[in-house]
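Two complexes follow with chain A in common, the first pairing it with chain B and the second with chain C.
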Partner chain A sequence: MIQPAKPDLVTVNIDGKEIAVPKGTNVIEAARLVGVDVPHYCYHPKLSIVGNCRMCLVEMGLPAVDPATKAPVIDPATGKQKVNWIPRPQIGCGTNASPGLHIRTTSPMVKDCREGVMEFLLINHPLDCPICDQAGECKLQEQSTGYGRGYSRFIEQKNVKPKRTALGPRVMLDDERCILCARCVRFAKEIAKDDVLGFIDRGSYSTLTCYPGKKLENNYSLNTVDICPVGALTSTDFRFKMRVWFLKQTDSIDTESSVGANTVVWSREGQIYRITPRRNDAVNDTWMADSGRVLFKQVTSLDRLTASGSIDALVARAADLLKQGSVAIVGSGRSSVEEQFLTKKLAATFGATVSLVSRVGQGDRFLVSADKNPNLRGALVTGLISALPAPKLTELAAQIDAGKIKTVVTVNEDLTAAGLTASHLAKVSVIFVGTHRVPTIAIAKVVIPSLTVFEKNGTFVNQQFRLQKFAKAVPGPVGATDDLIILAKLAGLAVTDVAAVWKLLAAEVPALGTMSYANLPDTGLLLDATPWAALPFAEGATLHYQPAAAATA
Partner chain B sequence: MSAPEQCRIIFRHIDEPGYSNDLACYVRHGGYEILKKSVAMKPEAIVDEVKKSGLRGRGGAGFGCGLKWSLLDRKSGKPVYLIVNADESEPGTFKDRYIIHQDPHQLLEGIMITCFANNVKLAYIYIRGEFPHGARILEKAIAEARAANFVGPNILGTAYGCEIYIHRGAGAYICGEETGLIESLEGKRPNPRIKPPYFPAVLGLYQCPTIVNNVETLCHVKHIADMGGEAFSKIGTPGNTGTRILCVSGHVQHPGYYEFEVGKITMGQLLNDVCGGPLPGRKFKAVIPGGSSAKILKFGERFKGKRKVGAEMVDYDWGVEDVPMDFDSLGMIGTMGGSGGVIVMDDSVNMVEALANINAFYAHESCGQCTPCREGSLWMKKITSRMVHGTARTEDAALLKSVADQIPGRTICAFGEACSWPTQSFLAKFGDEFKQYPETKKAAKPAGALELV
Partner chain C sequence: MAVLTLERKPLTFAERTYLPQIFGGLKTTFAHLVRKKQTLEYPEHRPAIPPGYRGVPTLVMDPNGREKCVSCQLCEFVCPPKAIRITPGEISPDAPNSHVEKAPQAFEIDMLRCIYCGLCQEVCPEEAIFLQNQFSMSGYTRAEMVHDKARLYELGGTLPDKHLKWDHKKAAAAHGNAH
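Right, the complex of A and B next:
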């Protein structure tokens, strides 16, 4: 007998296991909670439900009640309430849990349904697996192995459809592989709000295409590749580059704006091949912008900085300059929380003034915000700065003009781009800690090559004041040093890794008092934002984010 | 026992010399009098009469019309729409086109009574794209009716108003499926919707409660409003009330459309007495009783069981000729009354070739939304056309049956049943012919045999 559940929960029985799930949970998700896999193609948790693949057909039944008295009908054989099984299979995606709903996912009828659907999906599907980029992460492969019959009865000609249609600059379509689940169509319409995809022709000849004169070229087009359950949509950047089973997955954070979309970096033997979104229902759901997916190319770009000498020699030369006093530090909103904390320690050591480079641009109201600094909030939390940075480094320029500054340390910020002129720079010695060749290094006295976000560990605080960690996916190039070590050495501290920095952080930054890098959850940790609620942040509303000012207004 | 007389209610004036489809002629024959009578009634009273009449939908499923109306979500506060399903596309069915062509005002009067009864302010006639002439006739009829104040605002001086618009389809069978039709009417690809949650009575056109009724059904509503539900229910047989238009096509002497009281005529009377029997020198072999998607019946097979007559259960033992042409009897013997399209095949027909033809139709018309129907219908077509035009294998019979069995009950809409029932029933009843087809093909074709497409 099913026990009464809390009002907002309904108890369902899946393959004999009872579970209470929130109202509105569909059968696929409810089954997932008890560890039962209900195979599906068209269903996606973040898209509307169309029920067209028919793979999630399961047997359903409701507890029998006497129509007159509403009393439960008890089966004398088992002593339990009888279940009235619906004679036809029902789709799991389109059926929400209702009190006492019984589900069978292993009955002969369900097995037969799955075998039938699998066979139908495969009869016109090309045998492209050996050359298909989706192989290894293909739902059709997985589920035909898991639920298919394992042999073919189809001796007719397969349908022939276009093999290479460029839907847009980044997405390539192979129509023969398409199983017409319409996930991409729904994504374009419902999520990207760029309704350009649709089907033409009908029946088995249905073909995915863009509307005449339209292209799939919005900045979210590559999400269609992620959600395509088969190899129909492939990324022009990734296609034919690497088999996915060779790739190592590392959790990371998108650095293109303060949204901090959660990502996975896919790499092999020190080389990154692609970046895909990682589900975080509080930040980016399962999506990310196309623009964030190419950021890994900076790792191997030709203007990458490396040093031939030892890091200690460079630090020693920098220390000579720092010792002269009158130091100004230009910190970065692109540095990690740990690096910003060490930047602050460095400033304290030399009594330096600190400025930060503002990076405000256009947001898209979805997953790219107006603030292009991924970690401006981190600088506030660690106390590196206490107010939002000015658009240009005018204050620092004035101090240089007044002759108060002899040495400027810049953490991966191009000073010329940030508003200092050649005449300003001529009056100071510049120590540049950074990853890539920028105009500033031409006049820098010391250049210390450092690592990109893909080559080190750390945390960012996104626009929601959510602390999120990223991990090292690939080793850095020879001759580049972790920013942490550089900054620690400059400040005369003996820390060498993130864990050590976190001991100091926990001790000195009250907001982070009880945490450590190791036990930070994968989906991040929301910090108390109230101390900074009054600051006029540049962000407008994006997915799962309302600016504090707008919320209180 | 000779066949009963035709009982022409809907088709009273069809093919009547001198009867034209303009308003003047219709009014001369007493037209729109019933609408005048109806708008003086309470709307609920009309709904009650329709419920009492026992009228069942004539589109194919035979769903109770009064019940359909009573399922409408009237509490939502949203407008209620009526859609007239004039997408008559089932092969073998040609009844609605005669109503539209020859007696359009009868339909309009039925629509207006239905709209008044259900407080509908906007009705659409969804007419199939292949009826351009019918669409023009309806447009003209609506204009006439509007000018005469039968359609439009404040009809007949009352506070009630209702507009009727024509929407032409673009040539797709699936637009006859009610939720596919609604999608099409909304300007989208006619992919049928999943039910639940999108029952038209609750979330229909523009997510508002919607009635979708067949042309013939709405014409019956006019006559129910005229004679009263009680009187209507006395026509026909209990549970299968009123008259039914039967469209007979194929190998009979006199194919055509005939209107009879439902259940008062048997298949044998219809084919032998009314339609003049088989062509000279031929014998009936098979008949599809309700449009090409209905399961085929084989002459010579017997159907036995118990059926309810009044309050008693009575044994029956029927041959195909003995089956009464009503929803329930045809349902009992494993087929359906469907849309009334009776397709007759005589002994000159090879069943494999006949099925190849039907399968080609359904493969062409599958919308392609859900997997079993999309892939299954084309696969069955490929098998049967290979059997006919290429190499037929003995094992194809079993394969066809197995493919067909993987479709019905697993699709979004009833097209899954429509496309698989022919194959299932052809195989069940003429399985030997399929197994022997490789041999049959080797024999020379009879002289004058038609070339298959």
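Right, the complex of A and C next:
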């Protein structure tokens, strides 16, 4: 086996502390590694470096050597090698670590620089924090507290600029707050590949704007709001809804496709206000699609299913139907790994056939893949299915026509949409476990309301076979039960939470043998994909993912 | 411990008549008839409230009748008993105060929870909430004791404003500093 090449390390000295960092690390990242904060606005780890905010100015120097002999120059006072400090401050973001580089971030010159930069940035800043949505997560607020002068010397009238410019359907621009860091411009050009943003005019007249006749309306436009260090770009959906300091952050996973972008769900008192991306350099970097950010609206949608009776009564009615035998189960690629495992147990209990609903659509080659099932791989890993699902439930339809099936259990899948006709459904009793009103519930004998992904714990396996966990952000509505409990009760198992299911999972699924829900890393766990390498998955290439067929070709 | 026996002194003649005590008592009584009153006839008469008194929290308007609260929710955040509940809202771009952008859609203070600490007044960046002179607050139902926005403005009225910062901002825009 080939050992991975050791990264080239260089040793730098930051505020007297020596640290070895990989070659190519810039000073901001190197300082972060020793716990030194270098304030910055325009620098973003996933964007190109422009160095236009000047906030990360630090003092730098290199060890002195004699020009003629190349021998180190020793300072007689300390007995150590002298450091030749550059007489002017340098930007940290634009300087890569070089061997022996010395950095000072606490010297009087650096302090002066930061105060000066903050003063210039705040000259035309409206200071409307009480009405600004960024307040609480604003770099300008944080750094004026941390590094600012603390009082204003500006007595002239401030510039007044437009406060509500719609850059696109989801992004609103407040020109007064903009500090011209150009993160959004670089994002649109480099990441979204939709180069519509730019600055026009000069000096204090500079304004962010869209190219004439165009709009910032690509499916990644809201990432500009996330990376805006100030409140200049705000989300039309979240604008003026809630102050961020009230919101509880819960780690979750985007369910719109099998990419499994890592997200943070922001909620207060059981109500979700927004979803933002969570950094995971192996999956989604720091980005996510706009389409995934509105998924929380399903939680409070009017067609949510709830039951008035107890869950046990519903399960008893379902059990009566299941006892008749000849059961077919329609599992779901949207269920969590734990639920799919329990679905498999349920199928084993009643000797049922299992089919899954395929959901193949269009991918965008970035963070939305072609397979809209977030957890199809989970069904393979748990052994719920062994081959990819067919586009329609034709096999099940044939079995129903042949009279082999009396009862169909469907886990949050609309059978009519999946290819079963009314005549098929008339021949069977349907048990529907699901969250929302879909046409199937009209003919279902038993409807058991369950929870959305925001209301339960669990894990998904994304297209890279990366096992990622999501946590409960808000409590479910009254009258809806965790899918896990429903499936366990139907299967006659005495498990009530994810940890208990994981004990069974670890025992029965070899790939997960050493894992428990609690010690699953936040960045996910890459599973061995070789048993399924030959399957023709629907996904094309996306960020950090190459389809196996293309990779071997 | 030894027991000390004290002999009770016999009463004098004057003491036996009780008259000096009666007249002494009457003197105090009649002195109160002419002395200045120490009490108020509450509720018809009300005490003068000293400046800095922390009465019932209220919302105030500025002298131009503009609602000062911009629903920044800092009072809601700081309130120790969590008595304040604000629903933020946007001011429509056509409204006369559209340059303020934000105003509370609903503002409720639960006076059964309020502890009159005055932190909401202290934290308010817009000087919109004040604990004023009203000290007696009662009601027949719990719902009555939750003050909504209309009631809070009714209690608060208008206070003088030293800054009028939003008016200055509007003036700056009109002045042509706009780009």
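Observations on the model:
By our rule, the second predicted complex is superposed on the first by the 546 of 553 C-alpha atoms of A that agree within 3 Å, B and C clash if a C-alpha of one lies under 4 Å from a C-alpha of the other, contacts with A are read in each partner's own complex, and residues count from 1 in each chain.
Criterion: contacts are C-beta pairs under 8 Å (C-beta built on N, C-alpha and C of every residue); 3 or more make two chains touch, one makes a residue touch a chain.
Given the structure is predicted, the values throughout are model-derived calculations rather than measurements.
When chain A is checked against chain B and against chain C, the one touching more of its residues turns out to be B. Judged by the touch definition given at the top, the superposed model places A:C53 against chain B, while chain C stays out of reach. Applying the stated contact rule after C-alpha superposition, one finds that A:F246 touches chain C and leaves chain B untouched. Residue contacts after overlaying the shared chain place A:R153 against chain B, while chain C stays out of touching range. Contacts of A:P89 after superposition: chain B is touched, whereas chain C is not reached. Of the two partner chains, chain C is the only one that A:K163 touches; chain B does not reach it.
With both structures placed on the common chain, the touch criterion links A:E119 to chain B but leaves chain C unconnected.
By the touch criterion defined above, A:Y205 lies against chain B and chain C together after alignment on the C-alpha atoms of chain A. Shared contact residues of chain A with chain B and chain C: 157, 159, 201, 204-205. Contacts from chain B toward chain A in the complex involve residues 172, 189, 191, 194, 196-197, 363-372, 374-379, 382-383, 386, 399, 402, 406-407, 409-412. Only residues 126, 129-131, 135, 157-164, 175, 201, 204-205, 207, 239-243, 245-246 of chain A touch chain C when the two sit together in their complex. Chain contact summary for the complex, chain C toward chain A: residues 70-74, 76-77, 88-90, 93, 99-102, 125-126, 169, 172-173, 175, 177-179. The part of chain A that touches chain B in the complex is made up of residues 49-55, 57, 87-89, 91, 94-95, 112-113, 116-117, 119-121, 123-124, 153-154, 156-157, 159, 179-180, 198-199, 201-206.
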